[in-house]
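Several structures are given next for inspection.
Shared chain: subunit A. Partners: subunit B in the first complex, subunit C in the second.
Now for the complex of A and B:
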């Protein structure tokens, strides 16, 4: 997907004015509330008319003041998954799913309902009324409904915000699988850095209606590390879970990670905060922490009042943080050796 | 109890016939007018809103007189209709038209109430899923306005049963042809000794109106509950 946007929109004291050109299959739009994320989404979908400018999708104008083009939402073929599912309350799950599909000429139907239903785990919901569904179920039906309309691009506006933390991360593998399988480009709007990093390749950062950065989600998370109390979240894909002598462990690249508080470890995505990684200059002979990794310092960077430390742990990247004094005492320099110590209880399973 | 003469029964039947026809004929127009007022950005919408609501505040006699000017044999529409052999004035059709015009604002108001409770995002969702406006109108807005349509229709039906001022001007008061319950009551009250007969028809009027209003209230309560859910 290639999206070229250059738009202006004023309402009240808010002024949206930004232009960007972005190419990729999974693009994020990040910013705090009031930054203009939803305004952008509504203008792209044709639900809000910009004052001036243009929108081109894959070279085709959807909106262009100069050429007097303004396609209606139904002609743009841009799917929207809203923050709340907004399912049609008078239709059942099945007729909600097929709403867009039935209105599409046969030759333009790219997604087969029979193939989509199991991918989204919707089989048990068929035949039910949408008013009886839980938040996560509603959101999956809404996504299915949008996908089945075979859009050229899907806009997702904070689709995970209404869900509790556990369900939020459970739906992410579904999303990734679906977008990979059906090859539909995604513009993912969120104020959550973790969601951005799990869902997108590159991110447009908005601040008060202006584009403030166009970078990778990871780089954005690193840059914002100093201003968030939680530090940087290391996303670690752990494999091959096993239990030895009552201790759960997983493979992380070439290394073994010990996890506690997990009776039945599963492979998947885990989160580890940069605050939970302690650095030692030399290998401590004995420690209560179960995970000790020998690492090389890749680089040091300022993160607010702390120093961020990017580490290379035998091919795996880890980001830690230390206070300025500690950086001096540890004599941290790029290329130097260091031991990262992590408690077995510090890992949080995402999905 | 009350006794009813054959012409009273005729008046009751005619009232029902006129009210039912007026309501049924107005429903599609009322639905569309409410749609225009709620969901579109029509230029001159305030004026349109005013015109729709005008019969609510205008004296019905004025409405009747204006209709007479329009539909009379020398009127712009009436002349054309009579040339085609269609006679409106002083027939029961005129009573239907009078009821339609006078009851229309009530109908539109009720439907608007229901339409305004529909989440705008549902309409947006339908359009991003490829539904043109007329498709959304029929497959999303219409089914979700069902109860509001019913509420509006009952209110309009009740208003039509009571329509007097405009009807007497363009339909006249011809027993068996255009005489509805209110017109019959009017006749009785101006006839010596007609009080008892008038009272009988008044009782019918009150009973019908009350039944319709209770039904209407029930429907509106269910709409409110849906809005809260």
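Now for the complex of A and C:
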């Protein structure tokens, strides 16, 4: 997908004024409430008319004031998945799914329902009424329905925000699989950096209706590390879980990670805050923490009033944060050796 | 022991209460202040923790909350 946008829109005291050119299959739009994310989405989908400017998708004008082009939402063929899955309550799961598909001329049908249903894990839901579905299941049906209408681009507006914290990330593997498999480009709108890092290749950051950055989600998270109370979230893919006496051990690259407090551990994505990693200059003789990783310091960087420390743990990256005094006391320098110490209870399962 | 955590408080183990996986270890600091820690039972064994033995409570500066009385 190639998207070229240059738009102005005023309403009340809000002024959207931004242009960008982005190429990629999974693009994120990030910013706090009121930054203009939804305004952008509505203008792209044709639900809100800009005051001036242009929108080009793959070189074709969807909107261009100069050329008097303003395609209707139907003609733009952009699929939208909102925060609340707007399913038809009087139709079952299957008829919701096929709603757009059945109304599409045969030659425009690009996604086969029989192929899509297993990728979204919808087989067990097919006979159900949509009123009995959980939030995550509703979102999967809504996404399936949108995909089956064969759009040129899908906009997802905070699709995980309405889901409960415990399970919101479980939908991510489905999303990743479906977008990889069916080759439909995605514009993913969210105020969550973790979602951005899991779902997108690059991010447009909006601040008060203006574009403030266009970078990778990972770089954005590192840059914002100093200004968020949660620090930086290390996303760790853990494999081959085994349970011994209630403690789980998993493989992380070449190493073993011990975790506790995770019921029924499975392979998947786990989160570890930069705040929960303590650095030791030498291997400590004894500590209660169950994880000790020998690391090389890759680089030090300023993170607000703290120092961010990027580490290489035998090929795996970890980012820790320490106060500036600690960086001095430990004589941390790029290329130096340290031991990263992490409690077994510090890991949180995402999916 | 050189480490990045800013708070390394030496005390004496006062109590150890075992749970299924974890143990609650209370360390008493000089002056009688007590700090409670949750560690795995494996850690209690590995460190040879026992009531009366000296130990350090290690806390990162970013993990200390502050409260005041009003």
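Simple rule for what comes next: the second predicted complex is superposed on the first by the 341 of 351 C-alpha atoms of A that agree within 3 Å, B and C clash if a C-alpha of one lies under 4 Å from a C-alpha of the other, contacts with A are read in each partner's own complex, and residues count from 1 in each chain.
Convention: a residue touches a chain if its C-beta (ideal position, glycine included) is under 8 Å from a C-beta of that chain, and two chains touch if they have at least 3 such contacts.
Keep in mind that this is a model prediction, so the values were computed, not measured.
By the touch criterion stated above, A:351 is placed in contact with neither subunit B nor subunit C. By the touch criterion defined above, A:100 reaches subunit B but does not reach subunit C. Within the superposed three-chain model, A:326 lies in touch with subunit C and out of touch with subunit B [touch as defined at top].
Looking at the superposed arrangement, the partner reaching more residues of subunit A, out of subunit B and subunit C, is C. Of the two partner chains, subunit C is the only one that A:260 touches; subunit B does not reach it.
Of the two partner chains, subunit B is the only one touched by A:78; subunit C is not. Once the two complexes are laid over each other on the shared chain, residue contacts for A:275 go to subunit C alone; subunit B is not touched.
Of the two partner chains placed around the shared chain by superposition, subunit B is the only one that A:86 touches, whereas subunit C remains out of contact. Look at A:288: by the touch rule set out above, it reaches subunit C but stays clear of subunit B.
Look at A:182: by the touch rule set out above, it reaches neither subunit B nor subunit C.
Considering their complex, residues 119, 121-122, 124-132, 135, 140, 143-144 of subunit B touch subunit A.
Residue ranges of subunit C in contact with subunit A, taken from their complex: 1-6, 20-22, 25, 37-44, 46-49, 58, 60-63. Those residues of subunit A whose C-beta lies close enough to touch subunit C in the complex are 231, 245-247, 258, 260, 275-276, 278-282, 284-290, 306, 320-323, 325-327, 329-330, 341, 343-345.
Across the complex, subunit B is touched by residues 45-47, 72-74, 76-80, 82, 84, 86, 88-90, 99-100, 103-104, 145-146, 149, 151 of subunit A.
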